[in-house]
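Paired with chain B in one complex and with chain C in the other, chain A is shared by the two complexes that follow.
Our next item is the complex of A and B:
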C-alpha cells in the first residue's frame, strides 16, 4: 500500500514538473470557462425567452372574448419546452430536438424549431459543453499524460531496477493509475466548480428538477468513468513494448470509442430497425383514421350510426331534443378516437426509435464512453426519453384542451342554430381563464435510473473490470 | 529507387491494415449515403401518392364548396437531393426536404419538421464527407508523424542521409509516396461511389473531388511543417493530434457556440405566435378590418363580393392571410438572422480548414444551410402561386369539377447555380502554400542534422 502511494506521488511529482502540464491545464481552464459560459447563457436566454413566450401565449388565450368553445379549441395553445438546469452541463440532444409545439384540436403538430434547423452545418462538428470536455476530451488528455508512464520506464530500463527492489508490477500499475486518477480529478475540479456556479447563479431551480441529487450522481458517474480511463491508460502503457506503441494504441482506442463506434452503432440501429419517414407515417395514420370516420363529415357512416344510437338511448327523435349539444358530443368522440389512433402510431414510431437507441445503450458494455454519455444526458434531462416525456405531456395537455372545449360545448351550446342576424352561439370568456395553462414537469430520478439501468450496470461492470484489468496486466506483461 | 520505396511502404503490415480499414469504412459510408438517398426517394413517392389520394378523396367528399375543399387539400413542394448528397448529407437529415402545404397561412406550416430520431442526429452520419474531413487527416497523421524521427530514433538517419543525397529530397520522396497512397484511396472511394450510390460523373463530382484533394494536401502541409520542426516521434504525434483536435473538434464547435449565442433566433417563436394570433383574433374582429388589408395586399381581388349572405370563404382566407401578413416582419427578421449566421460562419471558415471544406462540400452537394434557405424562400413562392391559382376559384365558389385536378402533382425545387468552389477554396490553398513554404524554410535552416527537441 505504501509502495503504491509512493509511486502515485512520484508520478504526480514528475507530471507537475513538466511544462506541458501547465500549458494543457491552462488551455483546459479556458475551455471550461468557455463551455460554462456558453452553457449558462444558452440556458438563461432560452428559458427566459420560452417562459416569456409561454406567458405571452397564455395572455392571448385569456384575452379572447366570449365565443364558441370550438373556436377556442382551434385557437389552441402552445407548449414551450423548458431546459433542465443541468442542461448547462450536458447539452445532450437538445440542439436537435424541437422546442415549441402548437396544440390544437384534431391535429397533433410537430415540435418545431430545433437549434439544428438553424445551424450552418457546423453543429455537426459537435458542441463544447462541460460534459463533452469531461467525457470526450479529458480521456484524450489523460491518454497523453499517461501513455509513457510504465512504457518509458520499460524503454530506459528503470522498470527493471524498480522491480528488482521488490516492488511488484501490480504496485507500479496501481500507483500510476492512482496518480493519473488524482490528476483527472484535478481536471474535473474546475468543471464541477463551474457547474456549481452555474446552478448557484440561477435565481430559482425547479423543485421537481432534483438538481442536487442528479448533480451528485453525475459527479459520481464521471469519477468512476475517469478511474476506468486512467487504468486503461496505465495498463496499455504497461503491456506495450514501448511508449510509441502505447500512444498509438491509446489513440486508436479513443478514436474507436469516442468517434467511430457511436456513429456506427446508431447507423446500425437505424438500419436494423427502419423507421418510417413523415409521409409514410402520415399515410398510415390517415388510413386508420379513415376506418373510424370523419367527425366533421355529416354523411360519415360511423358517426351516422353513433347519432342513431345516441338518439335511441335518450328516447329522442332529433338532436334538438337531446339534453346536451350533439356537435360537441360528436367531436369529443372523434377526438378520442383520432387521438387514440395517432398516439398508437406515434408510440409505435417512438418504440422503433427506442429500439434503434437500445443498440447504443447496450453498447455501453463494450464502450464505457457511450454508457457515461447516456447516463449523463439522462441525468441532465437532455436525452431522448426526456424529450418524449415533454411530447407526451404536451399531447396530454392538447387532448385535455380539446376535450374540455368539447364538453363546454356539450354543456352550454344549444342544439338549435341561432337565427340569421342573431348573436352567434357563444359562452363566457371566464371559461378560458378557468382552463389551466401548460406546465412542464421533469422526470423523476427514479424513472431515469430505471431507463438507464443497462448503462449504469455497464459502468459498474467497467469499474469492477478495471481492477481485474490491473491484475491481469500485472500478471502477463513482459518487463524485459 | 522510388518504386522500391513505394512498394516497401505499401507492403508494411500496419499500412495495409490502415488502408483496408479505411476502405471498409469508406464503403460503409457509401452505403449509409445511398440508404439516405433511398429514404428520401421513398418519402418523395409517399408524398406523391398521399397527395393524389387526398385530392381524389376530398374532391369526392366536398364536391360543392371550393373554399371548404381547399381547407383540406395539400400540395407538395420537394427539394429532391442531388445524388451527391449521399456523399455529404450535411443538414439534409435535419431539414425538411419536402413541404406539404395547404393554401392557408404559410408561416404556420413551413417550419414543420419531419420525424427524426434525435439520437441519430446527435451522433451524425458516417458519410463520405465525414470520412474525408475527420478520418483522412488521422490517416495522414499516422502515416507521416514519424517519417523522419523514426530514422533518427532507430539510428538509420546518417545512413539515409548519405544514400539519399539530400535530406529534402528524401523527405519529399517519402511524403509523396504517402500522398499518392492517400489520394489513391480517395480516388478508389470516389470511383466506388460512382458504382455503389450511383453518383453521376459530372462537374459537381469533379468539384467535390478537387475540394477533397485540396483538403488532403492541406493536411500533408501541416504534417510537413511539424516534421520539419524535428521533434521526437511522440511529440510530433502529440502536436499533429492537437492540430486535429483543434481544427476538427474544438475550433468549429466554438465557432458554432459563438454563432448560436451571437444570433439567437427568437424571431422563430414570435413568428409562430404572431401568425396564430394574427389569424385567430380576426374571428372576433369586424370583418371589414380583415378585408381592407387583404384588398390592399391583393388589389386584384377587390372586385369579388365577399359579404354575400351565404358564408363566404373569402373572409376566411383573408383571415389566414392576415396571420401571414402580421408575422411577415418577424419571419423576415428570422431569415436575416440565419443569413447573418451563414455569412459569419463563412468568414470564420477561412481560418479553419475542416470547416471550410465542410461548407464547400455541403454547398456542392446542396445540403447546407444556404440551399435550405433558398428552398424555404422558394417554398414561399410556390405557396403564393398555388394560392393565387385557387383564390379566384374559391372567391367565386367555382365548380370543383371544372378544375383539372390531375395537373396538381408535386412540384420540384431547382437550386440556383452553386458557388464557384475554386474561388471559395482560395484560403485553404493559401494556407497550404504558407504551411508548406514555412516547412521548407525551417527544414532548410535545420540542415540535415537531426537533433531531438523536447
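Our next item is the complex of A and C:
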C-alpha cells in the first residue's frame, strides 16, 4: 500500500512539473467556464421564458368570460416543460425534444418548439456542456496524460530499475492509476464548483428536483467512471510494448467508446425495432379513432347506440328528460374512448422506443461511456424518459381539463337549446379559476434509479472489473 | 567468500531460438564478474533471468541461495540494476530521483543523507538539485549508483554501463565500482569493453551464441591476451 502511495505521489509530481499540464488545465478551465456560462444562460433564459408563458397561458385561461364549457375545452391551455436545474450540467436530449404542447379536447398534440427547431445547423456539431467535458473530453485528456506512464518507462529501461527496487508491476499499475485518478478529480473539481455556482445563482431550486441528491449521485457516478478510465489508460500503457502503441490503442478505445459504439447502437436499435414516423403514427391513431365513432356527430352509429342505452337506463324518451346534459356525457365518453385509443398507440410507440433504448442501455456493459451518459441524462432530467414523463403529465392534464369541462357541461348546461335570441348556454367564469393550473413535477430519484438499473449495474461492474483488469495486466504484462 | 549468485543449468529458449544455453556459474560475494560477448550472445538475457524479468526455460538462477523465480520480490531486496542508458525521470532532480527510488525500496532518508549518497557515487554537489534532463550520461549513471548505494544492495547488475561514456567518465565509473567491491558489493557486469573488464573485473566470462565458453581470472591474463582469446572465441 505504501508503494502505491509513493508511486501515485510520484506520478502527480512529475505530471505537475510538465508544462503541457499547465496548458491543458488552462484550456480546460476556459472550456469549463464557457460550458457553465452557456448552460446557465440557456437554463435561465429558457426557464424564465417558459414560466412566463405558462403564467400567460393561465391568465389567458382565467380571463375568459362566462362561456359554454365545451368552448373552454377547445380554448384549451398550454403546458410548458420546465428544465431541471441539472440540465445546466447535461443538456442530454433537451435541444431536440419539444418543450411546449397545446392542450385541447379530443386531440393529443405533439410537444413542439425544440431548441434545435429554432437553431442553425451548427447544433449538429454538438454542444459543449459540462457533462460533455467530463464524460467525453476528460477521458481523452486522461488517455493523453496517462498513455506513456508505464510504456515509456518500459521503453527507456526505467521500469526495470523501478521493479528491481522490489516493487511489483501490480503496485506500479495501481499507483499510476491512483495518480491519474487523483489528477482526473482535479479536472472534475472546477466542473463541480461550476455546477455548484450555477445552482447557487438560482433564486429558487424546485423542491421536487432533489438537486443535491441527484448532484451527489452524479458526482459519485462520474468519479467511478473516471476511475475506470484511469485504470484503462494505465493498464493499456502497461501492456503495450511502447508509448506510441499505447497512445494508438487508447485513441482507438476512445473513438470506439465515445463515437462509433453509441452511433452504431443507435442505428442498430432503429433497424431492429423500427418505429413509425410521425405521419404514420397519426394516421394509425386517426384510423382507429374513426372506428370508434365521432362524438360530435349525432348520427354516428356508436354514439346513437350509446344514446339509446342511456335513455333506456334513465327511463327517458328524450335527452331533455335526462338529469344531466347529454352532450357533455357524450363528449366525456368520446374523450375517454379517443384517449384510450391514443394511449394504446402511444404505448406501442413507447414500447418500440424502449426496445430501441434497451440495446443502448445494455450496451453500457460493454461501454461505460454509454452507462454514465444514460445515468447523467436521467439525473439531469434530460433523457427520453424525462421527456416522456412530461408528455404523460401533459396528457393527463389535458384529459383532466377536457373531462372537467365535459362534467361541468353535464352538470350545468341544459339539454334544451336556448331560444334564438336568448343568451347562449354558458357557465360562470369562476369555474375556470377553480380548475388547477398545470404544474410539472420532476421524477423522483428512486424512479430514476429503477429506470437506470442496467446502467448503474454496468458502472458497478466496470468499477469492479477495473480491479480485475489491474490484476490481470500485472500478471500478464511483459516488463521487457 | 560465500557464493551470492548462482546459475544452475540456466537456459532460456524462445521457440526455436536458444538465447541462453545451460549456463552454470557461481559468483562470490565482493567479486566483480564481467561477461563479454557479441550482441545476442546471451549477456542481457542472463542479467534479466537474475533480475526475474524473464522466466527460465530450464535450470535456475539463485541470489543469496534463494531461487529468483518464483521469489523475485524477495531476491530483488538484495539487488540493484544499472542499465546501459539510465533515463530515470528527466523533470525531477538527482536528489528527487534518488528519494523516489529509495522510498520504493523501503528506505526514507533525509535530504542530507541523500546528498551524501550522491556524493559517494561521485556526483558533484551542485548537480543534486538540477533536473536530470540536464545531466550527462555519466552523471545519470552516478545517480543509478547512488540508488544502489541507498538501497544497500549486495549485488549490482550492470548492463554495458560504460558504453557511450567518455574516457574520464569511464575511469570515474571504474573507480567507483572498485570501491563498491572493496565494500563487499558484488558486481555482475555485461560489457563489450575488454580493457575495462580486465582492469575492473576479478573474473571474466566469454559468451558465444548463448553459451559460456570461457571463464578466466583477470589476475592471470593481460588485456592483449584476453582480446586474443575473445577474438578466437567469437
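Please note the rule applied: the second predicted complex is superposed on the first by the 480 of 480 C-alpha atoms of A that agree within 3 Å, B and C clash if a C-alpha of one lies under 4 Å from a C-alpha of the other, contacts with A are read in each partner's own complex, and residues count from 1 in each chain.
The rule is simple: a residue touches a chain if its C-beta (ideal position, glycine included) is under 8 Å from a C-beta of that chain, and two chains touch if they have at least 3 such contacts.
Since the structure is predicted, the reported quantities are computational estimates derived from the model, not experimental observations.
Peer 1: Is this a clash or a fit when chain B and chain C both end up on chain A?
Peer 2: On the shared chain A, the partners fit.
Peer 1: Once chain A of both complexes is superposed, is A:362 in touch with chain B (first), chain C (second), both, or neither?
Peer 2: Touch status of A:362: no partner.
Peer 1: So, does A:18 touch the first partner chain B, the second partner chain C, both, or neither?
Peer 2: After superposition on chain A, A:18 lies in contact with chain C alone.
Peer 1: Does chain B (first) or chain C (second) touch A:140, or do both, or does neither?
Peer 2: A:140: touches chain B, not chain C.
Peer 1: Once the two complexes are overlaid, how big is the angle at chain A between chain B and chain C (Cα centres, nearest 10°)?
Peer 2: Approximately 90 degrees at the chain A centre.
Peer 1: Which partner does A:6 contact after superposing on A: first (chain B), second (chain C), both, neither?
Peer 2: Second partner only, chain C.
Peer 1: I'd like to know which partner A:262 touches here: chain B for first, chain C for second, both or neither.
Peer 2: first
Peer 1: More chain A residues touched by chain B or by chain C?
Peer 2: The larger set of chain A residues in touch belongs to B.
Peer 1: In the overlay, answer first, second, both or neither for which of chain B and chain C A:157 touches.
Peer 2: Second partner only, chain C.
Peer 1: Of all C-alpha distances between chain B and chain C after superposition, which is the least, in Å?
Peer 2: 12
Peer 1: For chain A, what residues appear in both contact lists, the one with chain B and the one with chain C?
Peer 2: none
Peer 1: Inside the complex, what are the residues of chain A that reach chain B?
Peer 2: Those residues of chain A that touch chain B are 31, 34, 38, 41-42, 45-46, 49-50, 53, 56-57, 60, 64-65, 67, 71, 74-76, 78, 80, 92-93, 95-100, 102, 109-128, 132, 137, 140, 144, 147-148, 243-244, 247-248, 251, 255, 259-260, 262-267, 269-271, 275-283, 286, 294, 297, 349, 353, 356-357, 360, 384, 387.
Peer 1: Show which residues of chain A lie in contact with chain C when the two form their complex.
Peer 2: 3, 6-7, 10, 13-14, 17-18, 156-158, 160-168, 479-480
Peer 1: In their shared complex, at which residues does chain C touch chain A?
Peer 2: 48, 51, 53-54, 73, 76-77, 79-89, 91-92, 96, 100-101, 103-106, 144, 147, 151, 157
Peer 1: If you look only at chain B, which of its residues touch chain A in the complex?
Peer 2: Against chain A, chain B makes touches at 25, 28, 32, 35, 39, 42-43, 46-47, 49-50, 53-54, 61, 90-91, 94-96, 98, 100, 108, 111-126, 130, 134-135, 138, 142, 146, 233-234, 237-238, 241, 245, 248-250, 252-261, 264-266, 268-270, 272-273, 276-277, 280-281, 283-284, 337-338, 341-342, 345, 354-355, 358-359, 362, 367-369.
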